[in-house]
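This is the structure I want to talk about, given as structure tokens.
Per-chain residue numbering starts at 1, and chain names A, B, C, D, E, F, G, H, I and J are given in the order in which the chains are listed.
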Amino acid sequence: MEIPEITKKLLAAKQAKKLSFADLEKAVGRDEVWIATVIYRQASASEDEASKILHALNLSQDLVSELTAYPAKGLGPVVPTDPLIYRFYEIMQVYGMPIKEVIHEKFGDGIMSAIDFTLEVEKEEDPKGDRVKVIMNGKFLPYKKW
Amino acid sequence: MEIPEITKKLLAAKQAKKLSFADLEKAVGRDEVWIATVIYRQASASEDEASKILHALNLSQDLVSELTAYPAKGLGPVVPTDPLIYRFYEIMQVYGMPIKEVIHEKFGDGIMSAIDFTLEVEKEEDPKGDRVKVIMNGKFLPYKKW
Amino acid sequence: MEIPEITKKLLAAKQAKKLSFADLEKAVGRDEVWIATVIYRQASASEDEASKILHALNLSQDLVSELTAYPAKGLGPVVPTDPLIYRFYEIMQVYGMPIKEVIHEKFGDGIMSAIDFTLEVEKEEDPKGDRVKVIMNGKFLPYKKW
Amino acid sequence: MEIPEITKKLLAAKQAKKLSFADLEKAVGRDEVWIATVIYRQASASEDEASKILHALNLSQDLVSELTAYPAKGLGPVVPTDPLIYRFYEIMQVYGMPIKEVIHEKFGDGIMSAIDFTLEVEKEEDPKGDRVKVIMNGKFLPYKKW
Amino acid sequence: MEIPEITKKLLAAKQAKKLSFADLEKAVGRDEVWIATVIYRQASASEDEASKILHALNLSQDLVSELTAYPAKGLGPVVPTDPLIYRFYEIMQVYGMPIKEVIHEKFGDGIMSAIDFTLEVEKEEDPKGDRVKVIMNGKFLPYKKW
Amino acid sequence: MEIPEITKKLLAAKQAKKLSFADLEKAVGRDEVWIATVIYRQASASEDEASKILHALNLSQDLVSELTAYPAKGLGPVVPTDPLIYRFYEIMQVYGMPIKEVIHEKFGDGIMSAIDFTLEVEKEEDPKGDRVKVIMNGKFLPYKKW
Amino acid sequence: MEIPEITKKLLAAKQAKKLSFADLEKAVGRDEVWIATVIYRQASASEDEASKILHALNLSQDLVSELTAYPAKGLGPVVPTDPLIYRFYEIMQVYGMPIKEVIHEKFGDGIMSAIDFTLEVEKEEDPKGDRVKVIMNGKFLPYKKW
Amino acid sequence: MEIPEITKKLLAAKQAKKLSFADLEKAVGRDEVWIATVIYRQASASEDEASKILHALNLSQDLVSELTAYPAKGLGPVVPTDPLIYRFYEIMQVYGMPIKEVIHEKFGDGIMSAIDFTLEVEKEEDPKGDRVKVIMNGKFLPYKKW
Amino acid sequence: MEIPEITKKLLAAKQAKKLSFADLEKAVGRDEVWIATVIYRQASASEDEASKILHALNLSQDLVSELTAYPAKGLGPVVPTDPLIYRFYEIMQVYGMPIKEVIHEKFGDGIMSAIDFTLEVEKEEDPKGDRVKVIMNGKFLPYKKW
Amino acid sequence: MEIPEITKKLLAAKQAKKLSFADLEKAVGRDEVWIATVIYRQASASEDEASKILHALNLSQDLVSELTAYPAKGLGPVVPTDPLIYRFYEIMQVYGMPIKEVIHEKFGDGIMSAIDFTLEVEKEEDPKGDRVKVIMNGKFLPYKKW
């Protein structure tokens, strides 16, 4: 996986300033996952959002255009090798068809949009071991007929 | 993708009896997604759960052992071609690294379990178009050191 | 490529009755490409549409449920070997990035939907050799921020 | 995906001069998609066209030979990961065989050329959400017998 | 590689009748390679040609429609394992770029058509070992600009 | 595809001196395709041939050893994306088995050598569009039994 | 396989100081395999552990943050080519299903964790040839039902 | 994954007789993992061992030759999709290079044999969750020089 | 790997008659490896050789034509999973380039033919463990220039 | 294929000094193929052997440690494109199963070691064309039972 130069620069600044993504969430007024997505250049910020991110990280405003551009998306190898990311691949392999059945039953033929889409990560404290909660929320798009 | 024979038999019975997964949820006392997962043979039922599923579908109890067995899991091609399932692959490609960053920041080094894990699908009504909500909830597993 | 049994049955009936897709378009009130898509089980018909297709092809109404079901979509090998279909793959390889640039410039960050989407095939007569016109029309979906 | 150096240089100049592809279309007298294709080095310009593109972008005429050369074509990974480009791959997977059937029925055995071929992108305004229109137009090439 | 049933039937009849492809060439009035291509269902015969092939092989005229249909083309694995066929793959790997350079120099930007195309196989007797001569002849298609 | 440095150097010199491959053919006394193959480092020249090529291109004789070396051969991706080169892959996919049948019938079990092999490219002028003629000529190698 | 810069630096220092992994085990108070895993950046050290590793290797404490970071994991090609590592792939291919059967029988449906997991390598002296002993120890994780 | 017919037959008999692999271990005098490996046809039994396995399972001695044969080994897809088996793939991806370093340091250049090799699975009871212990033991094979 | 029906039939007859390949070598007058190659349908026998093989195995002479035909060759998956066959793949990965260097140095540019080629397997008794000797012998084919 | 820097350095020195591998064999007292394998960093030399190789090539003894290290092995792409190396892949595809049958018959279940293994290349002069002889010699390793 080739991490873009701009991503490395932002992550290094974030570490140097000891800022968390939650801090950036407060500074920018956007969810921390979305901000991480901009930093990895998988989402495009507006000029204003880019400016706020750079300001929070104490970086030059000259980088604004690098955060508003639209690069080719997709970061990983075909099958991810990182164990954390692989688990999402495994979920798709194991639960893909069951989810498809349930969604079609509830909504008809169509898909959950991955564009008109939000994703949040929450920490659920639990004495038996904390839990990761990932909430995906995508518009249902019915297939058009013509 | 090769759907197992037992899966086809159960889905046909479900369609013939016009039962929804929500109906099965009531009959079995387990979430509809989990039941769909058992039907696709990606999860194993207890004898009691298998019996209830077969009863609800009016199928022979002789099939119990087919639902309690542990087959090799994983249904799809390496990169899924079905658009609904592909969107989950795309989410992993586009949001995988950002999610990884946020989880590590909140929890340290480790992963979200895909085994001590639940997944729910909800329909969120919305005048601009209903939305699909997928809630994943997995135990955080910290890497052991030794 | 494994063509589904139901597809073979419908294509054989269509050939036997010497019906063109244009004839089916008239009988069903839907575009011929969409009807071919239903026949290949890449789109799902309503009960009424399925009934009309089967009626036009002189086939049993018992097959209705096979045309209204939602099978896993995607027909081909990873890189298509059929020359006609490969040309669409080649277009994606050669023109993909240029189209991406032009769409982002006209619309901002987002995609052309392949779900809220129609596709028409027209024959353009030309003395130097007839031309195939393929018109794709998909809703622009802007990336949501959150 | 490795973007050629010359492509980066031209896109940077275009951004610096705040020119749109539509502006280049006017300056060069060629369609904006074709110009984007030349910039991505997937098409070769004549000396005159190259000169006009460079002039419009305020770049040295020394680069003419880089735009008239014939590099190896094809930009992407085998299955594209960028969501916008992937949708064209999905269209090929889902609609490939139906399109093949319809084209063969209208034209006989052969293909739509991807060489004697044009592609236009239009924005169709729509109160329910603007639409992307992609019009492909390729000469039908019948298989030769011998 | 899955050889179609109809291909096996025709090859068995050809062997039983001890007919060579050269005999079929005489009976049908088409080149032997093209006839072999029809038999492998990679080319489509006219009704008349199909009828002549079947007649020469003493097979039922009911099979005509199987030889005039347009199946999905492409027979092999991604990289062929058969040594004879692999050599053509090797030629493409080793001589592909040199051929591209020479063709572009002689013709400009474009391709050799594989559709408006003929291919002949000749045996060249040679005391040091007979030689296989493969003559490909395809229309040059220049890239269209627009 | 990674073009070797020496290849780029020779092609640049050839362009600067405005020499065609046909000119090099005259200067070296070898076919233009073979010379292009040496330049792409897929064939090895003798010291004398290397010297003549470099002399014709006005390059230092110090490069002789780079043209007489035996590098690992094979230039492309598994499935070529360049449309001109892909057509040769398509020919192998579509015509591979038919050619195999015809060659076996004419020669018995064995292959056409890709080593004791020549390849020529000719331009055939034609009012309906010029044609590319590719003539391959390889020794037939019968399988040895032991 | 691309070995990270930091890994090369640490291995070079280890070689220069002629330290074995067993020496590092004593200096750090962690198992030698785990330390090798940190050095290859597949595990993350605490600040204290990183400091001890660097101290033992006589390297600058400035590198601490490089050993505590969480990079994307996974070092190898899809199928490893190194013979030593391939044997573990072969074990998975040959013994994977048998191990699965035995584990399910002993524990029910679930997996052996690769996160709550330790791995030790021991040398077992044997006059007929020393033996490598690899002891894996992972928590059994039962599938959750919901 | 295609499970051989003979494997299915043996596993069904084992389930019908409610025998565990530990029971088979007692009946045959071989480790349970090795017996599971024979049943999956990844290892070959002697006539005596095959006979004992079949006797214990109450199956016909006619099947002896099916358990003593040497089929092509290797059960899975290139990257396993079953979560339990995948974890062994992940261990190879994450810990492969570290293990290699430690083994080379302890033994020199060579490998752990996967042929002169045993593998045991043990259950380690633990109040915080039982643990799976996998003990691999393979002869070290030093590279021969010549 | 799909073993052809005819191969299974011959191997079953060979096992039933308790004939070794060495016995077949005597009966047919060809090397045992070549005979095994014919049986796996990777080489073609003459009518006389086929007849002798079938006679030795007590099988019907009707099968002669199945052993003289020229099927598509190549038996395995891209990377073999069988450990015995994989070792030959590993040899190619590890020793491929060194062998290439030595052969080019001894012979110049060209290859070892795999067609004008013999392969023998011998057992070398050795008190430290018997050894397998594989002797490959192929004609050197120099690259032709033209 | 990425040739290591150290390999390029040694091969350049060998060419400059006009030494053959046979010369190195005399200087080092090891077979020429093994020495080529060390140079390609697929085998590890002892300090003494490394020193002799470097001495023979007139290179600094500082490079000793680069020839005694144990790098990750495996040089090529999954399917080799170089024609000389590919032939070994083809041999494995075509003769793999036949060799397996013959070895199992002569030795029982097990493999030919590729570690306790030697490989020699000989030139066999022949008036009809010289022949390459490759002699592989590996210890037979029987599968252990436990």
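The rule is simple: a residue touches a chain if its C-beta (ideal position, glycine included) is under 8 Å from a C-beta of that chain, and two chains touch if they have at least 3 such contacts.
Just so you know, these numbers come straight off a predicted model, no measurement behind them.
Taking the mean of C-alpha positions as each chain's centre, the chain lying farthest from the centre of chain G is E. The interface with the greater count of contacting C-beta pairs, when B-C is set against F-I, is F-I. When the CA atoms of chain A are superposed on chain F, the rotation angle comes to 145 degrees (nearest 5). Judged by shared residue numbers over all numbers used at their interface, chain B and chain D contact each other through mostly the same positions, with over half in common. Centroids built from CA atoms put chain J at 32 Å from chain H. A separation of 22 Å divides the Cα centre of chain I from that of chain J. Centroids built from CA atoms put chain J at 41 Å from chain E. Along chain H, residues 1, 72-76, 78-83, 85, 90, 93-94, 97, 100, 104, 110-111, 113-115, 117, 141 each make contact with two or more other chains. Here the touching chains pair up as A-B, A-C, A-D, A-G, A-H, B-C, B-D, B-G, B-H, C-D, C-E, C-F, D-E, D-F, E-F, E-I, E-J, F-I, F-J, G-H, G-I, G-J, H-I, H-J, I-J. Note for the complex: chain J touches chain F at residues 1, 15, 77, 79-83, 85.
Residues 1, 3, 11, 20-21, 32-33, 36-37, 39-40, 42, 73-76, 78-80, 82-85, 87-107, 110-114, 117, 119, 121, 123-124, 126, 128-141 of chain J are the ones that touch chain I when the two sit in their complex. Against chain F, in their complex, chain C makes its touches with residues 79, 81, 83, 86, 90, 93-94. Listing the residues of chain B that touch chain H in their complex gives 65, 72-76, 78, 114-115. Those residues of chain F that touch chain I in the complex are listed here as 30-31, 34, 43-44, 49, 70, 72, 97, 100, 104, 109-111, 113, 115-118, 120, 141-146.
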